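As written, the chains take the letters A, B, C, D and E, and residue 1 is the first residue of each chain.
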């Protein structure tokens, strides 16, 4: 689905143009075309491929989708894949935005993502001095917008982890805790797949040998790099902390179990003593003088109660009860 | 076993040629020979070695088989080993395809693999403009076909992992779960051995100093690189997740055990109390007035039942029963 | 909030100058301006941006805060972010100091940090021969001061770890131990986030291609590098040790539990034997000769006591009691 | 102990020569001397040092033994240490072969190794066209022979691991399993010490800047490199698998224990119920009408049996028995 | 404390010289001064700083102590920190030796170390042909001596580990084992801090760009490098093995516990059966014919004994007893 197809000159919007005129406009000097697609179909991409002379392999990747984030050079043009991430019903949904960048064009194709990048266009159009940097700056603006949307996800992860941590040393909800830790780990791994390869790739766009259209925006790409590195660092810490938390959780489970065992031991001991006493006085020997005593029974009961009480206090002091 | 032996010119099939004529054809300019063997025997390879002047060490490797995936340069020619992977009866079967590539020839020798690469030849012959790139493109087509067959295996791994995950937090089948996790890990490791060394090696075929016959197909090799990186990333995640799942599983086992222990403790306590009561009234003291009461027995039974009930409710509330 | 705004010449303080004059002073040769802000607001930074012609992205970073430590070049100027670390109520509080460095100016902006860097200025002013190195040396002095304040934190971590270690093999406080280990790990990870990225970045300021204003202070930056490497190494060891300690703790818990189990088994056995004996002599068979014996009862009691004593000594010897 | 001392010319054996003539022969052009020692003593090595002008540090290393595998350049000569590995009584025995290589000599000194390298000499002498490559090729032949002997060891490790794996999910021999895993891990680590440093070092002998005498044998050294990489990869997998197996084993132990606990709980419950019933009817109340019934006893027995049976079937269905 | 202050010429000792003359001697050509300090005080180092024109930062490091091992270049001079390691009362004591090296001087300052390096001086003086290499060789001799003293420590670690391993599969001393493993790990980590940074740093002294005074001793520094790599490899293996041993230990504890549980279950079952039988015949039903039988009691006892025996044998066969 075509969302926008606009020609720009010297940083200012020239006009919305029909798709068929794209190749004419990008042939003109100082003009630059920015097209946005959404969930593009084969024939739409085929038209674009012809208008922009895109490389076959890049178009194939964009069609198939489910690519790793990457930045590939095809001659003078770039093919960039950035993952979009959304939280829908507590589940991470990955989409992707495929960006074809040439000297004087940008074609962005968004797939499986509810996020709109129209704000990026609006904001960029309001700053002609930046838009004058050309396609490289538009690429930056798109990447920056996509990466900025990772931050709330990471914040949500950190909040979730903190919530779990608050409950990890309580003697309840261990099963739920561990399940939440496991779920969180999976989400972290998913986001990491969106972040880490892009972090590796984006170094190509600043410092060292940089594609021509990105040279004047290098410092902006370094900024995106920095954001990605920050996110990646936080994800690594969360991952590491989850690992420790699962280990700790196992220790807590063992400790809790140990305590139940001790309490069980204590009560079992008390009742076993009681039963043993009763058993002794329930024996049928003929000559058991205490059985004939007037106050034998209450004394026996008192003796049993006292013993139990002594045991109880001893266990209490030992921390078993 | 010889499968095909075909000469090509300017991207078009010239003719099936006899093995003995290979050296004549590759001496002609613009001509290029593509031979396919299957489970080749020593003498077949010996003939090929002579016709193509292959390097002794490469032929030795092809004969012995069980090589790591690799890409080796011998002067102007390449020796490439790619693992083929098939799922037979829920077991991973590794084969390999050894590819000798020169300026104007490709010799592929498939071993221990039921997968045919004849589709690759057919598809390539239908695209003369690509086949014109020469032996480098054929190498790409073969590697791409082999690597594409890793994807369904990886998908099967992910499906298997998801199945296990659905059952990991249930209180059953823990033993089966852990066994399946272990099996899955082994399969992942096996596939990783096919993927990781090739991922390291294939960087030689794009970017940097690239062998002559691969220069015009660089972007295609980068595409294979990208596929391998994607598979490798997924395998790493599966491996990491299996590790966590085994840890989590241990915690779940400990938790389940803890719950059994608690329940055991609770029932044991109830019956111990019952037995202790019965023991007390079974003592043989002469003066136990309640034993003479008319309703002593039913009252005693009622007292015992009430105590048990109270305990039962208390344990229920504590979540022990 | 402006703290200081001072112009220097040949290493000596010239005068406190108003903010509006900054751009005039830095236009003069041999003069150099050092401004310190604290929790700067948007408009303060906007003024600074104009006076010093700071790069938009750097100012944005300084405004938003929560940056990773980093050292970025913007043309001839540097933007440096260093984390400040304070221990408040046993919690690590991270602040940051953002330093903009040009050929003849230093602008430091401290955020969320109770630590003052005025001592740095005082000490530096007392050493004109060092201050003559210019803005690079001031950058060093600020970084050195910030990094030096990491050391007491690391020492506190080590002390805490030692305290925990002393109690890890005792049969008590396991729950508290593990909780403290977990807390410590989190603090270590937080400090590591302040240290590790800076350690990676600071290599740019000594050896290799170094920004012009830092060349004459290279050896000083190497010294800071060395301090960071020392801290990082210690943090890694603490982290590793915590991991082992948690593992060991789990073993200790299992061992303790095992011992409780053994003791329980032993006492249960003793009382079970007692009860079984009593049960036998409590049977109602008519012909049980020992029941009629004169000393049947005491003998029975003695037998029971002896058996229990034998068991007790046997268990004692086996280390179960 | 001197084993061989032979001079070669143009790839053919010239003659066995006395040690004292070595320096004369290596002074001649096109001649090349190959000496083999076994468990060399100080004086033997001293003679060799003089004849070949070996570097003091290299000789010292050879004398002391227990070196890491390494490849060191001393001016124009090489000093190579390769570990030999033998399986004696199920124990890994490490020896080493120290190889001094110059432009026209090879001195190999074998220590603590029952393996003979005479086959290497015999095979090499049969291939004069290869031996013509000179000392570099002899070095290759020796390294290749040593490394080839790692393969059966690795195969034995894999077989052992498979044997253990077959038994890991059985409910027996857990103690033996874990001990075997531990032993295997130790052996793997030992072999890894022989393999990994050599793998790092051998890169110096192919690709990049290669010592003069090895240039013409580069592809052979790459082959050894490839073998080492294969072994190293397999060792890493075994190591990783052992780690997982130990983890899994712990889970299995916990599961088994849990099952014993459940069974214990079940039987304990059944007998506790029995005892409680008996205790109730063993009470001494005067008015317990059922005690006077004609068929009270058999009915009571039947009630007790029925209850136990019901419990038994319930536990059976719950999988506890 | 000054230990030695000696001037050398052409590899021979010239004379012990007063500290004040140092600067005169090092101004002369071909002369070279070697000073050794022990636990140097501020004023001693200040004098040295003046005589040798040492760099302020290096002197500061030497004064403060507790440095990481490192090799730093200050202009034409080197500042080297090597850790000394001693075993005092089963505790590792770290000291350090700070070495300042210039073209024609070596100043070594030993701190917190009982080890004397006078043997190094004596040995070096006996080999004028080596001492002629100048200050670089003295640096090597000192580093070599310090590193050689790591070996017995590492050997002690390995011996300790072997001792623990022998007892790890025994059913006793688990608590002591794990404590010893933990202690060993701490010592290993401490030594690693002395080894690993030096291993990284020493690469600067051989191969690549080497400081002028070390060029002629490069092969000697490579030898030290090799020693450090060997120690580091061994420490890594010990560390890895300790990790596995702790894991294994946990499994052994769980296994032992499981066995205690089984035994407990078995004995509990036997006595529960006994008690249940006794309970049944202790019931007070009027019509229990077996109670009246002449041989009821002995038969009952026999039945009980038989049942217990059967159970005992069954449990024995199941391996529970």
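Criterion: contacts are C-beta pairs under 8 Å (C-beta built on N, C-alpha and C of every residue); 3 or more make two chains touch, one makes a residue touch a chain.
Not measured: the values here are computed from a predicted model.
The chains in contact with chain B and with chain D alike: there are none. Think of each touching pair as a link: the shortest run of links from chain C to chain D has 2 of them. Taking only C-alpha atoms, you rotate chain A by 70 degrees to land it on chain C; that is to the nearest 5. Chain A and chain B have centres, each the mean of its CA atoms, that are 24 Å apart. Distance between chain B and chain E, defined via averaged C-alpha coordinates, is recorded as 40 Å.
Shown for chain C are the residues in touch with two or more other chains, namely 247, 250, 254, 257, 261, 264, 268, 272, 275, 279, 282-284, 288.
With the ring opened at chain A and read toward chain B, the chains come in the order A, B, D, E, C. Touching chain A in their complex are the following residues of chain C: 55, 57, 61, 67-68, 70, 72, 74, 174-175, 178-179, 181-182, 185-186, 189, 193, 197, 242-243, 246-247, 249-250, 253-254, 256-257, 260-261, 263-264, 267-268, 271-272, 274-275, 277-279, 281-284, 288, 290-297, 300-301, 304. Contact residues on chain A toward chain C in their complex (touch as defined above): 165, 168-169, 219-220, 222-223, 226, 229-230, 233, 237, 240-241, 244-245, 247-248, 250-252, 254-255, 257-258, 261-262, 264-265, 268-269, 272-273, 275-276, 279-280, 282-288.
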